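In this document, chain identifiers A, B, C, D and E correspond to the written order of the chains, with residue numbering beginning at 1 in each.
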Amino acid sequence: MTIGLVSGTVAAAHKDETLRGVTLLVVQELDLLLSPTGIGLIAADCVGAGRGDLVMLTKGTAALHTEQTAGRPIDAAVVAIVDKIEID
Amino acid sequence: MTIGLVSGTVAAAHKDETLRGVTLLVVQELDLLLSPTGIGLIAADCVGAGRGDLVMLTKGTAALHTEQTAGRPIDAAVVAIVDKIEID
Amino acid sequence: MTIGLVSGTVAAAHKDETLRGVTLLVVQELDLLLSPTGIGLIAADCVGAGRGDLVMLTKGTAALHTEQTAGRPIDAAVVAIVDKIEID
Amino acid sequence: MTIGLVSGTVAAAHKDETLRGVTLLVVQELDLLLSPTGIGLIAADCVGAGRGDLVMLTKGTAALHTEQTAGRPIDAAVVAIVDKIEID
Amino acid sequence: MTIGLVSGTVAAAHKDETLRGVTLLVVQELDLLLSPTGIGLIAADCVGAGRGDLVMLTKGTAALHTEQTAGRPIDAAVVAIVDKIEID
């Protein structure tokens, strides 16, 4: 999993039927020093995260293993809101 | 998922049988500032997208979870047309 | 999927049993301007492609969804010969 | 698989139900010279690893093939503590 | 698949139960000119490869499709010893 910052939302009226009811969040991935990295992703919300939240992001097939994402064309999911990261 | 711009089409008369009937779009991935990034992809269209459309792209195994892609050798799918992205 | 150029072949007498009968092609991935990118791959041929052919490449789990690749340890497959790419 | 160094822990009270009971470790991936590489990951612990341990990391779908990770939204797992790497 | 050079071995007494009996090889990935690339991987051996062998590496879910890897937390497998690569 990776660390990300919820930085926005995306609106898409015209989408695959299987995506209806899914909350989509714009997430900026961060490195361990919490600096932005990567190109930015759209992820399904599984935990009620909102803008400004530090979150944990699961990508790939594993992102389908939640109640909100199972069987949908979703390759990234916000699976936790991070309270604290302790790094040596 | 990532944001992309539909920038063209691809014609391939000689292809795997399982790809017949699939609309293939050339998609340029974009970062959150909508600048081009990556090498460019070919994705299956699931939403009737056309050139110039800003779209949402699902990659990997999850791209197989649509009516148009199930059971086919397809690793990227256009699953939504993006109306608006709001970023802090 | 990505665009690639078939640029060679690979011979391997000693291989996993499940790979017998598979034609392996060396493929150089290309960006949308058809410039070489990436480190070069070996992909299973599903369409009778040969050296110099511009092809479409499927990677990951989806590469297993062809008659030639199903159930084998193959993570990339040539699934079409590209006739024409039109880009804006 | 890749080599990593366990460099911290992450606390997340608010997480997907399926993640309860999983120990999450912050892992810094290393190259073969044991220099840090990549952006840093969070991985599920399968072997009782702790801070400072050199570990082997499995990513993607394969990370789900352990007792601790099966069926969960987990895309990276610590599957071994490395005693020695011998490189030519 | 990619080309790699077997460059070492790794010892790990403390590992996930499902990894027992698997031979782990340190593999340095190579580009088509056989120059080292990437950060170095650990892969399961399926063909009796040894140090100095040029090999073919399968990554991701497909790496699970061999007798030695099925059902294990393994994301990379050595599936062939390469005899010859011919590139234009």
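Points worth noting:
Definition applied: a contact is a pair of C-beta atoms (placed from the backbone, for glycine too) under 8 Å apart; a residue touches a chain by one contact, two chains touch by 3 or more.
Just so we're clear, the structure is a prediction, and the values are computed from it rather than from any experiment.
At the interface between chain B and chain C, under half of the residue numbers involved are used by both copies, so each side presents largely different positions.
Chain centres here are Cα averages; for chain A and chain D they lie 19 Å apart.
For chain A, residues that reach two or more other chains under the stated contact definition are 60-61, 63-64.
Chain contact topology: the protein chains form a single closed ring, every chain touching exactly two others.
Read around the ring of contacts, with chain C first and chain E next, the chains fall in the order C, E, D, A, B. The part of chain C that touches chain E in the complex is made up of residues 7-19, 24, 26, 28, 39-43, 51-52, 60-61, 63-64, 71-76.
By the touch rule above, chain D contacts chain E in their complex via residues 1-3, 29-32, 37-38, 46-48, 56, 58-67, 69, 77, 79-88.
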